[in-house]
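A quick write-up on the structure given underneath.
Note that the chains are named A, B and C in the order they appear, and that numbering of residues resets to 1 at the start of each chain.
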Amino acid sequence: MSTLASEYSNEVTHDVIEHRFNPYSDNGGTILGIAGEDFAVLAGDTRHTTGYSINSRYEPKVFNIGDDLLLTANGFQADGTALIKNFKNQLIQYHFNNDNKKMSIESSARLIQHLLYGKRFFPYYVHTILAGLDSEGKGSIYSFDPVGSYEREQCRAGGAAASLIMPFLDNQVNFKNQLDPETGNKKQLKYLKLEEVVELVRDAFSSATERHIHVGDGLEILIVTKEGVRTEYYPLKRD
Amino acid sequence: MNHDPYHWGRPSNETYGQYNYKISNASNINKQFNNASSCDFPTMLTQQPMITGTSVIAIKYNDGLIIAADNMGSYGSLMKIDDLERLIQVGDKTIVGISGDISDLQQIERMLDDVELEESYDMESSNLNAEHIHEYLSNVLYNRRSKMNPLWNACIVGGFDSNDEIFLKYVDMLGVSYSSPSMATGFGAHLAIPLLREKVDKESDVVKLNKQDAIQLVKDCMKILFYRDARSLDKYSLCIINKTSKEIEFLKNLKCEDMNWEVGKNIRGYGIPQL
Amino acid sequence: MFRNNYDNDATTFSPTGRIFQIEYALEAIKQGSAAVGLVSKTHVVLVALKRNAEELGSYQKKIIKIDNHMGIALAGLAPDARVLSNFLRQQAMSSKMVFNRPIPVIKAVHSIADKAQNNTQSAGGRPYGVGLLVAGVDATGTHLFEFQPSGSVLEYFGAAIGARSQAARTLLERKYTEFADSSKEELIQYALTALRDTLAQDKELNQHNTTVAVVSVDNPQFTIYDDDEVVQWLNLLDTLTNTRSRGTEDKAEDEEAEAEEGDEDKSEATTTETEPAVDAAAVPPTDEAIDTPTTGEDRMDTD
């Protein structure tokens, strides 16, 4: 070999190419929460993916975590389950220490913030949504970023198809860019009925399924009212 | 600024003097020029698997579940081991099929042994079922990935749950887990899943598949995998978990049958003399 | 007050093979008010007699929930029980975290038994001053264990600990063959009847001092009944007092019980006599002594 033994050739031949282990993956799926006057819904599709593979067509990710609260953490599934598991444990501890008092949604939201921020420098790679009724019995949605920043909202979409669903929600729930045909003024905000909300959710998901490969297979909607929590399931396209 | 390509962008020696590599405790300079030894690089944890096992496949049928994996451990493209058992029985209610790094497989095997042993201290018979083993394994794998020191495996846990129903769930090196009536790890996810889903795509399809057809289907999948997955072997193990009899049949040393390699003689290139 | 040379710490045997500190710990249990536990094939029941330090004070909690499927009743030092129950809760939680399985009851009791045993082999500490009845259901059915500061753990069909628990035990021994196939209500009735037998003079069971807890195989939710909720169970009894607590002298049954207990003490006393180093003060106080309101029973630090 006539190659000069330079540090350039050394680097190429001797140094190991470092293959860094990636501790995260994206398991697709999308989630959506809408608050009504006296109810809240939290919905998620049931498809579970890695890359282009569909791992499962039915892997629920929205959970009734007790105390009439619904929680979902969409993104990297292992982190999502770890977060929810941690929350459930904290909740048991809370019950022991507070004479079985129900945890309010406000307290739950703050607790979730601490759980998320606690891993600020190795974050849970998830978009988290919490749904329930507030102290006045009004529907309530809290949404969180991966490191715990949160706010209460009327509605929020998260996960793979969030960017497809959120503008639709802005228009249909918060009447953004809608004018009253008679007066020409901005359309007045009003609470939607549960039936209307469920229809909105179903439309949002069937549309997202059409346009996004990581969304589909099934839609699970959890509804919390003062009567408690109930679950509805609707099939989505499986292609 | 130093304009030498190797040191490009660094402060120039003329202005700032020789850079002291001890500051960063690392060096890109060829070993012979410095005496630093082990502290040249930070500790490196597992970055890649070494000896590996390929796909594990599993499918539910109307009276149970079948899980299969071949007997090979490959070291790159070398067949390093040809009698490797990758289906591990834990207690009398669980089978764990493991693909990925074999040393980590053996580590998991030992950990599951310990769990079983610990259980026997307090109780006469093991109450740990597939559900519990899966949860344990998920925690181990997730915690290891969180330490950035993963066990490089993908596992399928099959068996009975607390109500003696059939349990089937996947978990991998990241702690990602899911359940499905038919599933496969590695290449199997691409080659076997389409065949398995043809029969069992959703839970309600399970009742339509009988044991005999299920076994045949799994055998066909193992054959297809041997055809197309270069790191697979035609010798494999297969477990049949029967729901009504509550028994686990463990079949070893099965061979792929009725293979057809006629296609081979039509292949051109790859060192075969051209006609 | 120096009793003998062998009770300065919990790690020293007396020449006759006894560890006095452990025996004193067992005495602390007898100072506490009684707790009774029973099992059938489907249910486990715990009942206990609560005490308040003074009229205006609250009653000390006697039954503590550990997890959905299990709980404990205590007799002795309540703070020690709190430490143990917190530890048990941790164990239960970790079983749920790691295996997604409610902790098997025997695993739970063994975990505290090991802690208690540790105290008997390291100097500087003291044994736990509390006895526990651990009740729960798991994959292997219903269970009732008695935990002692010595680290010994035994499973029972029916068990009673605390002040005058011998009276309750006497009743349990007579009836235990009927427990296995009893219904929840029958089981609670047996338990409360046994608890009633432990009452001191002029005392009766009422909604304030009685606590009941049940857990069953079909509904593994450990439920504690206190105050208003306990009335439904007290109503199962014909009377809320026993012959002794009524102060009537017609107490053949009780005397039987007392006699048995007296025998026990005598046998212990005999052992003591053979051991010259032990003076008479080492003999545990008899139940008559405890019965006297001014001594043990109304002490404020045991429950």
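One rule holds in what follows: contacts are C-beta pairs under 8 Å (C-beta built on N, C-alpha and C of every residue); 3 or more make two chains touch, one makes a residue touch a chain.
Treat the numbers as computed from the prediction; the structure is a model and nothing was measured.
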Top chain pair, ranked by how many C-beta pairs fall in contact: A-B
Chain at maximum distance from subunit B, centres defined as averaged CA atoms: C
Length of the line joining the C-alpha centres of subunit A and subunit C, rounded to whole Å: 49
Centroid distance [mean C-alpha coordinates] between subunit B and subunit A, Å: 29
Mean-CA-position distance for subunit C and subunit B (Å): 52
Where subunit C touches two or more other chains at once, by residue number: 97
Residue numbers on subunit A that touch subunit C, as the complex places them: 85, 89, 92-93, 96
Subunit A-facing residues of subunit B, complex: 5-6, 28-30, 44-48, 138, 142, 145-146, 148, 150, 170, 174-180, 183, 189-190, 193, 201-203
Interfacial residue positions of subunit B with respect to subunit C in the complex: 121-123, 127-128, 131-132, 135-136, 139, 162
Complex contacts: residues of subunit C adjacent to subunit A: 65, 89, 93, 96-97
Touch list for subunit C against partner subunit B, complex: 97-101, 104, 106-107, 110, 138-140
